[in-house]
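Notes follow the structure.
Each chain carries a letter (A, B, C and D) given by its place in the written order, and its residues are counted from 1.
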Amino acid sequence: MPETEEAQRTRVDLDRDYVRDVFRAMLKARLLEAKLSSLYKAGKIVGGVYLGKGQEAVSAALGASLIQGRDIFAALIRDQAGRTAFGEPLLDCTRTYLGSVLGPMKGRDGNIHRGRPREGMPAMISHLGAEVSVVGGMLMARRLKGELGGVVGATCVGDGATSTGAFHEGINMAAVERLPLVVIVSNNQFAYSTPNDRQFACVDLLDRAKGYGVGGHSVDGTDLLACADVIGRAVRLAREGGGPQMVVARLLRLSGHGEHDDGSYVPGTMRDSHLGRDCLENGIVHMIEQGFATVDEIERWKNRFTEEVQAAVAQAQQEPTPDPWDEDWRACSSEPGGGI
Amino acid sequence: MPETEEAQRTRVDLDRDYVRDVFRAMLKARLLEAKLSSLYKAGKIVGGVYLGKGQEAVSAALGASLIQGRDIFAALIRDQAGRTAFGEPLLDCTRTYLGSVLGPMKGRDGNIHRGRPREGMPAMISHLGAEVSVVGGMLMARRLKGELGGVVGATCVGDGATSTGAFHEGINMAAVERLPLVVIVSNNQFAYSTPNDRQFACVDLLDRAKGYGVGGHSVDGTDLLACADVIGRAVRLAREGGGPQMVVARLLRLSGHGEHDDGSYVPGTMRDSHLGRDCLENGIVHMIEQGFATVDEIERWKNRFTEEVQAAVAQAQQEPTPDPWDEDWRACSSEPGGGI
Amino acid sequence: MSVTYIDAIRDAQETLLREDPRVFLYGQDISKFGGAFKATKGLAEAFPGRVLDSPISEDAMIGMAVGAAIEGMRPIVEMQFADFSSIAFNQIVNQAATHYYRTGVPVPLTVRLPSGGTPGSGPFHSQSMEAIYAHYPGLVVVTPATVADAYHMLIESVRLDDPVIYCEHKFLYRWLKAPRINGDGLPIGKARITRPGKHATVVAYSAMVHEAVRAAERLKDEGGWEIEVVDLRSVKPLDIDTVLASIARTGRLLALGEAFPWGGVTAEVVARVCAEGFHLLDAPPRRLNSRDTPVPYHPKLWAAHRPTPESICLALRELLSF
Amino acid sequence: MSVTYIDAIRDAQETLLREDPRVFLYGQDISKFGGAFKATKGLAEAFPGRVLDSPISEDAMIGMAVGAAIEGMRPIVEMQFADFSSIAFNQIVNQAATHYYRTGVPVPLTVRLPSGGTPGSGPFHSQSMEAIYAHYPGLVVVTPATVADAYHMLIESVRLDDPVIYCEHKFLYRWLKAPRINGDGLPIGKARITRPGKHATVVAYSAMVHEAVRAAERLKDEGGWEIEVVDLRSVKPLDIDTVLASIARTGRLLALGEAFPWGGVTAEVVARVCAEGFHLLDAPPRRLNSRDTPVPYHPKLWAAHRPTPESICLALRELLSF
């Protein structure tokens, strides 16, 4: 039972480097996103801004337990921390938000949709749930090529996305194929403004794991060490042949749905509850208390990341924006017959 | 726990009239379908023939526990027995299969797709899973009109249909709305030729009930009395405000997927196992043993139903087929602006 | 005081809820939150129990609406963006569209699709799907371009007994204003001459009507050209008579749309005009659509992807010089 | 010995599996069972692990294929019927079609759609969806009408780096036979003159090519008319040059398709011909499509719903008498 799993957790076996990686990614993502938010408010961002504030522990714990160059990580809307932990360069982010043509999507698609599919980072489409089967297919390909050994494919969804047919079909298919897929469900209690009780009727989304025949794990998403532990283990299980794993994290987003939204539909009592704890602030305390990092180290990281973020923003801001005259306007790579 | 529920069942409380209704519908459907099958082999049927042979107990138990004129029954591919039990006239069936223009679909759509939506019998489309939300919507309408009291909406799907996004979205929505929806999953071990282990990975489809937050029931679909009992109770629970109920029946279809198919992919060992028992033959024994009917009664029913089937076939065969010149070829009822 | 296009949509829904007990609204975040674009603001409070938040389940949303319509209700379903109706595609084209033909029972439901491009919205929040739905028998597809049409056509859509795909253009939401909602009484299925002219006809719909008018003004200033602009208002049914009458006056046709270039409304318009009014044409009919790529995210690419007054003028100059 | 259209599809998949280790097949009941139409018969045994049964999950089937294609594989997905691709619509038009433009990474996948009407199949096992997919940038849509094209175009589809919607017509499966598979070497994107003529051009594709030829034969017998029949072969890209060259010879166009009448291939053909070859036309171009209802189930209705040699002859006689 997942509750037991969680309760019995002793954290002594947590790998120090892994925890520090998770934390650093959380910190860097928070700093980056704070910058994006102020750039948005200053009207400097092209398109919308959707933050992962409050969800960094979950996302970074996942990203840091994946191996760039081998694993697959289909980041979603609130995964800046996971992207950072996985190794996505800051410039990929700032270039996309700031409309540089040098970004990975060349201005053709934006922001949270960015990806580098050939490097294990599929580029999400907006339609929720749709990436689950794509990651499944990438894993199927690895199997067919005989390259699945030790590989994990992971993606994150929200509570709302669990209501999509695509999520259902995707996770069921992965279960049938017993693929090393890890799906993190970040239950932040709301899908945009819609609360859990208008989204599903089960007691806990974790109850769905058994219905798909996949491993199920529950975690307090506000607790960095718990996330590192539970998500790290889920990834390990998948990597070692345990089949698909589903992790349900309980938490709250500490921002609006997007930066255009004030999130005023979230009741104050909920914000003030355990769910509303800031995984980063809380994480700082834990990191220090449990000896994973010192106050000084954290301060230094903060300074360094602030500079890195500044540099990435500054560079992207100087770069050219896309020019329609240079754009080749081709939706097919092959153009059989020479066009439409 | 559903297993317990099933095990603890005492059948003393089964309503005699209800059981007899279930049985009669099974018998009538079997006779009708046998006729359809031979008409198909003689080349007399328009379109395909998909039988419910072996699944009559499940289907009839559902149909007989619904109240025509009040409840909603979205019959699916293997529900001749349920249709009969619900009160669909035989002529609706024979007219559709034999291409009479007087059938409920006027030759525009066929066979298992027939329905009378205004009379609580929606007309299914082929796309599996799609009716679940339609029944949900019909129940929503009743609620909005203040007419939901004591009403049940029911539909049946196969094991294969549980893999569709539509099934997932539909049942989840009904759970959120706490609608009096009963979904019967007839797990006949195959979806066309595809066995369960290529369709899902959970130990039992019933495990999904908890994931949706709906009532869950398990039943031996080859056992008429068990079906009457469990399905009757599921319908009662929904009717009494218990929210959506999902019943998973274990059985085998005793025909091909359609009459064009010999079902040779079903292993002989499975056919010979408990799953392969004929719910009707078996039901006859139980009906007699448990005093629900006498041998004579059953014989009389058989004769009467055979005549009824013959009459319905004969009548439909004499009726006109659709004439394209009389067809109004209108897909909209209102034709704003006078056409496309 | 003035009324915006989105106000008109909101007000129409208020009117419908008030006047017809069969009407209810279903969609993501439309209840207390008032919808992603605030098209249902305040309606949940004013009509308790009749403005319902749905799960993120577009397929089930439409299936639900079909069921409710069978039972005599008049659901209005809001898709958060037209683009997400791709998930509901099956229920729309196979369940809703076929229902009347198959069973004789009409399913009066209205699907609101926030459509069309806006800067920075990218490939999945910018689509125009009218041609996809218009292809299927059994659907009515409307594309209001004015504040008054946004209001009156929504009312009329819900009153129709058939399923209606109501394409509302996001670019017009707040930009388009009118002093008040004054309709001209045209029913769905009738096109409107938005601007009279005599040298060429631009047939457009939705936001492109306004771009066409802008282009027409430029050409007026530039060379005294008088360009007639026809607003189709609904793309299915498509009022070919009004279009033909216009071409009878002008002899020249530019069919203009914001959707992708293969197929679509412009192809249907040109094909019908040529079949029924070939002799009216003094020059080859032209089409102008978006480019043949997904809608790009960066505003500079976006502006070059869709037709603009510049590209419309270019097409018109070529048409006029034939 | 002769080869049927469905044999050609099966054989093409066998060739592809044999020659290209990146190819694998995914679909419902396609493995040991060999598929609903036996298009994959024997392939699971011949290529173990490369012909996989999928759950009834069309959305995930295409999502899976996109993922596999990103990783360098060449999946062929069989939809049990074209009509069920409506469930995969989102993954096809938003995931597969946009991928190359958005990311620069092409996704070479092929979706086989058993398409078109057959008697008694009804509204959900008869659809022709080529126009739906052709509307979206980023997809190639092919519609083979001959045994050789069924074979060669499937091979070519899988070899293309882009997603291809391969529309195979169920009516041709067993009815259409050839002594052997002899291609004429035409690539995707080139139309073929199936039957030369000089009085009028019928532009058709898929099963309608054969109905057009039948109609042409009747008119030949009836009045010595020589009707040219152009087989588009692929509807996107659409080889307008070959069409225009034909019309340059005949001066008359009938665009013929089995799909629904609003929009579709016939509208695109007429609109392009009129834009680019207006001066070539001696008579208004005509279109002939199915009727504007779902495809009816009863064979008598079905036969009156789709174009037939009779209705094609009627349209041609009117065209010729203009």
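Basically, a contact is a pair of C-beta atoms (placed from the backbone, for glycine too) under 8 Å apart; a residue touches a chain by one contact, two chains touch by 3 or more.
On a predicted model such as this, the values are computed, not experimentally measured, just so you know.
By label order, what chains touch subunit B and subunit D together?
Chains touching both subunit B and subunit D: A, C.
For the pairs A-C and B-C, output the one whose chains share more C-beta pairs in contact.
Greater number of contacting C-beta pairs: B-C.
Provide the C-alpha centroid distance between subunit A and subunit C, rounded to the nearest whole angstrom.
So the centroids are 36 Å from each other.
Go ahead and note the Å separation of the Cα centroids belonging to subunit C and subunit D.
So the centre of subunit C lies 30 Å away from the centre of subunit D.
Could you please state the distance in Å, as a whole number, between where the Cα atoms of subunit A are centred and where those of subunit D are centred?
41
Among the residues of subunit C, which are close enough to touch at least two other chains?
54-55, 57, 59, 83, 86-87, 90, 94, 97-98, 101-102, 123-124, 137-138, 236, 238, 262, 291-294
Two or more other chains in contact with one residue: find those residues in subunit B.
Residues 105, 108-109, 113, 125-127, 163-166, 169, 172-173, 176, 198-200, 330-331, 340 of subunit B touch two or more partner chains.
Mapping chain-to-chain touches, which pattern fits: line, ring, star, complete or other?
Graph shape here is complete: every pair of chains touches.
Show me the residue ranges of subunit B that touch subunit A in the complex, using the header's touch definition.
Checking each residue of subunit B against subunit A gives 163-169, 172-173, 175-176, 178, 197-203, 205, 207-214, 243.
So in the complex, the part of subunit C that touches subunit B is made up of which residues?
Answer in residue numbers: 24, 49-50, 54-55, 57-73, 75, 90-91, 94-95, 97-106, 137-140, 156, 160-162, 187-190, 234, 236-239.
Tell me, which parts of subunit D touch subunit B in their complex?
It is residues 28-29, 32-33, 36, 53-57, 59, 81, 83-84, 86-87, 120-125, 261-262, 291-294, 296-301, 303-305 of subunit D that touch subunit B.
In the complex formed with subunit D, which residues of subunit A make contact?
104-106, 108-109, 113, 115-118, 122-123, 125-127, 130-142, 144-145, 165-166, 169-170, 172-173, 176, 330-340
Give every residue of subunit C touching subunit D within the complex, in rising order.
Contacts found on subunit C: 83, 86-87, 89-90, 93-94, 97-98, 101-102, 123-124, 131-132, 134-138, 236, 238, 255, 259-260, 262-268, 270-271, 274-276, 278-279, 281, 283-287, 291-294.
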